[in-house]
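What follows is a set of structures to go through.
Same chain, two partners: chain A is paired with chain B first, then with chain C.
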Partner chain A sequence: MSSPAILRHPEDTMQTAMPDAPPAPSATPQSAPASFGTLALRWYRLNQGSLRATAIGIASLIAFLIVWHLLTTYRVVFFVRFTNVPSPLAVYASFTKAIHDPKFLMHILLSCRRILMGFSLAALVGVPLGLIMGRFKLIHEIIFPVAEVLRPIPAIAWVPMAIMLWPTNEQSIVYITFLGSFFPILVNTLHGMSLVDPVLVRAAQCLGARERSIFREVYFPASLPHIFTGLTVGMGVAWVSLIAAEMISGQYGIGYFTWEAYSLVQYADIALGMIAIGVLGLGSSLLIRGAGQIVMPWRAK
Partner chain B sequence: MVRHLPTLSIAMSVTSLALLIAQPATAETVTIGIGTQDTTTNTVTAGVVIRQLKLLEKYLPTEGKYANVKFEMEWQNFTSGPPVTNAMMANKLQIGMMGDYPLIVNGFTFESNPESKSRLIGIAAYSLSGSGNGMVVHKDSAYYDLADLKGKLVSVPFGSAAHGMVLKALQDRGYPADFFQLVSQSPEVGSTNLQEKKIDAHADFVPFAELLPFRGFARKIFDGVETNLPTFHGIVVRTDFAEKYPEVVVAYMKAIIAANQWLRDNPKLAAEKIQEWTGISKEVVYIFLGPSGNMTTDPSIKPALIDAATTDVKVLQNLGRMKEFDPKKWVDDSYIRKAYAEMKLDYDTQLASTKNYEISGEDNFCKKPIGDPRKAGEVWVDEAGILPFSSATCTLGAYADYKAKGKKINVTYVFDTARGIKLFADQAFFAVGSDEIAPFLLKKDAEAYAAKISGKVLGFEDAVKAAVTGGKT
Partner chain C sequence: MSEIKVVAPKGHIEVKNFSLSYDSIEGPVEAVTDTQIHVKPGEFVSIVGPSGCGKSTLLNAVAGFLKPTTGIVTVDGEPVNGPSAERGMVFQQYSLFPWKTVRENVEFGLKMRGMSRSQRERAARTLLGLAGLEAFEKHYPERLSGGMKQRVGIVRALATGPKVLLLDEPFGALDAQTRVIMQQILTNMWQRLKISVLFVTHDIDEAIFLSDRVYCMTARPGSIKAEIPIPLERPRQQSMMMSSEFLALRRGLMSLIREESLKAMGGEITDLGMQGLNIELHGHSLADVL
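And now, the complex of A and B:
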């Protein structure tokens, strides 16, 4: 908001900023000529919003860790029981142990590869299929019931079928992560298609657009926001399916790591696996959001 | 947000206060959470049988401090031990049962629980020779021995009794730890993978090493007896519960004794009932729990089993999965002793005995009594029942006879000549000589024996033919 003002009067930031910068009491008059200070101040103003968000984010994560630490140290029992929940320090200890173990890195790398493959396939199949189903009623009528029946089946129930369907275990695992992300992507793409303003389509038709151009110029861009919602949700569900999928692997993967920790009842390792999945999930969602901003520059942050 | 907090916490403390006050007003309810493994056949007499026959209700105390107590049983069924441990740690279950390795992990995990420890208070079933765990391969595969699996993909549920068996087998034979590629798969996943030939072999605990061959797609190539290390399933209890309600724990022990008695009184009926309750085929149940079966149901805590547990601890320590843990300190036999005393039974006699109940009676085919039960055999004839026969030759002869009469035969059991474990006759290898038929689990054992008696190794169908033509006269 204050940025246009700064751009217009780069020399005397101070004066112009004063009247319309209520959220910045720290910007009280300083000598303007100090160019480094000015630059820093300007950078601060520009990024004020994101800086604030980052600071609060870090503070809340630290608060979360402190609360977790206190709850487990004092073994709080108040409806929820923290008696045997591992403390952050215990999890950190198993983290330092794991990070020196090349196997742990292998677990993470393989899981990332499986997610990447399963998710990319889901996106490559789900988005076009959603677009086509949204456009052509007959295809929608044929595919939709099947999709609706298969959609609520949890990943873990797919394990035996996936083993039998695919020749190698790696394919079975990718298949389960694929299923996890496929349905959210498909449903959201369909939803996006159903919300495309028919006026836009008619306008395009009036201007003599052919089917292909309408698809490319109207339907696709108009449903992009929903497609990206679908991709974000799909990525989340892909990670959710991971533990079920990696039960098959029997050797590698962060989901398998967590599963094995469970079968040997090692709570700190279970928590480590959970946090690793959480962090990886967060990272992959950020990637998708970033991609969304590149593809849809018209949408404000 | 800040403004709401006091109201919320006041509301919560009022509710909790109300709950606290409300409880003593009514008659006290004691909830007993029991974690069972219904599909793990050798825990059934400590779990599903007690539940279905309502044996615990029969022995629960009703007098003294329990006059006003209402018991509420909460049975939960799991397919492996770790989830039971997890629920016990969370105090959702107070009593749990599992195999030797999960039991140790249970005891060790409880060491760090400030509220309660866990104690081993009884045994569900055991095999001193280590039978029950086994390794199976696909029936079409060319593997007949562990040595054939060099460099192959073998799965086993990590942290299970079967995992211990595999590690022990590797050690015994002096194979390196990476002799085959060992991966962790749960029984469900491993079974499907084996059926689809995605793995070369799968090692598992009771009843899978018998169940999968019985289903018709697998063949057992290694039995736990070869490790000669005892294996067992046992019962653990939370100490905070046991100290507060020792009489309940004693009642539970009595229920186990009664369940074992029920099983031995009528093994066939028991096998049929257990199939009905757990879904495990009665023929498979019977091979473990029937007379001369591969498991002995006996609740006494034998020193040999605790020694085996000490060995198991070392295996887990070598894997870096466990620190210091002493199984001897973790055993508490006071409850089972009390149960024996109150039922007017002698615990020490039971403790010293390692006898199973054996096949007995009259062989109606060869017309003689059963001499050595571990050389005998049984034929399960539909309608007629399970009939004993004095030798493998008589068993196969009787099988052919019933078959000729058009009777439907469920299953035929024989015993491994060298190891004395019960086998499905149609899965066994037979060393057939001029005047004897000797069944074996392993092809190599049968071949060695056949060489000794200058006979040959036959499959089930050919052995039956040999029994009809040669053995009967």
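And now, the complex of A and C:
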């Protein structure tokens, strides 16, 4: 009974106060001098679910490493040949060497730069285009057929064409990265626009909103969840396209590094390149998820 | 309080010779036909009728979302063509903007009008205070209960000081207890603001309890079947719903609606038709059971 709001709407406050309350045991006011033991016990009970998931996750990763280690040390051949596959320790050794190697860091930086450019361009073109296509029927009718024809072509299939189209290798790689992420972003933005609740548009009109305000205040925020789905998918496809393009036509980049390691028979570097790609992909999708939570605070749990 | 202007009694709604039909493959379908209604400045008027009778269609035409096929809708003599902030609307589905906090939702109309941030913030706080929602101004709508959402919906519609308030079954999704509380809140706000209200509902008790006058509509194509003045004293108390006056009004409206509902369902269930069905239920025929 700490605030007048609680007195007035008991159920509402209950419901709304719950997510506010930190899971820390200090939120329970009745027993102030709780001992450390009881606090720890309560914290444990509140976080049991996530603790369990974390514990199982760590155990599973360790098990993966052990299986990998065993398969490679005993050079298992069972349909799949592990004879030349590097062991986790060998990969770790080449990792410690690589992080002191400016060349390896440059490969990574260049890949990141290409992703940043290709993906940002795709977002800067795809999101506004999707919003406009969703709002104006004529533009949709003109652009949609072209997009539908080009969309099923995998970005990798664009490599020869991209090399012809763009004067430098760097530009064609960025172009392929752009293409890979462009279509998922466009399609999801369009989908989001098509799902905007017409009653919300009416509500805005009744409050005096004109076309531009409705676009900015209703259509855009209502589509944001789907735009972010598009950005997440687009980021994944951007990495797929980038690595393929780098393997085929690159001179630098983490995809090129991985392919070069194979040509130079440096098997540990192959795995190192693959892990680097995985970590970078994971990191970039976490960045997008974080941005989504900042931009859409109403969807935070 | 200073931000809320006491509006001079304005908001005279007139709907004349109104009909609305839409095209279908089988030709034009009439939703509403030959309808006249009016709401005097400061009056509370309800429209009741069987489901699908076109009462929401009529309300949407007053709001400016639908154009009449024939006839005209005017507010204070000016024809309605398109939605405007002069006619505030409250929807059954609340339709709060999920990406705006409670206060931002209330501020929306003022923002559209170009009011400065600090001014509209103050106005919204005052209004939320009147509705007992000041503690929730920073919450997103998702975290509110149905009754609170609709309170925000009403406050949002009133924030721009509209001439009339249109409500489309606003309490239809609420439980019985919350409904009663919301009816009381709406009555209080209406009396304070002296605004004209057009209220669509299928709940007869609600219509009688709230209104000065009730229009009863016929089954589709909808038209006005009857206009019933509600002479109950104000302020009205919940206990009035047991009074003989109230019950008499209720009985009258009930029989009007029942007639139309049966029509809307495709006619009365006749004994003869029942016998024809010849369905047995535990040894009795369905006709006997009914």
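Here, the second predicted complex is superposed on the first by the 217 of 301 C-alpha atoms of A that agree within 3 Å, B and C clash if a C-alpha of one lies under 4 Å from a C-alpha of the other, contacts with A are read in each partner's own complex, and residues count from 1 in each chain.
We take it that contacts are C-beta pairs under 8 Å (C-beta built on N, C-alpha and C of every residue); 3 or more make two chains touch, one makes a residue touch a chain.
Since we're looking at a predicted model, the values are computed, not measured.
When both complexes are overlaid on chain A, the residue A:M247 reaches chain B alone and has no touch with chain C.
In the superposition on chain A, contact is made by A:M164 with chain B only, not with chain C. In the superposition on chain A, A:C112 contacts neither chain B nor chain C. In the superposition on chain A, contact is made by A:A222 with chain C only, not with chain B. When the two structures are aligned on the shared chain, A:R75 is found in touch with chain B, with no touch to chain C.
Using the contact criterion defined above for the overlaid structures, shared-chain residue A:R202 touches chain C, although it does not reach chain B.
When chain B and chain C are set side by side, the one touching more residues of chain A is C. By the document's definition of touching, neither partner reaches A:L280: not chain B, not chain C. In the complex of the two chains, the chain B residues touching chain A come out as 12, 16, 80, 82, 85-86, 89-91, 105-106, 109, 112-115, 155, 157-160, 183-186, 188-189, 192-193, 195-196, 198, 321. Against chain A, the residues of chain C that register as touching in their complex are 63-65, 82-85, 87-89, 91, 93, 95-101, 108-109, 112-113, 132, 135-136, 139-140, 142-145, 148, 156-157, 160. Chain A makes touch with chain C in their complex at residues 3-5, 8-9, 11-12, 15-16, 19, 197, 199-200, 202-210, 213, 217-218, 221-222, 224, 296-298.
Considering their complex, residues 75, 79, 81, 83-84, 159-160, 163-164, 168-169, 247-251, 256, 260, 262-267 of chain A touch chain B.
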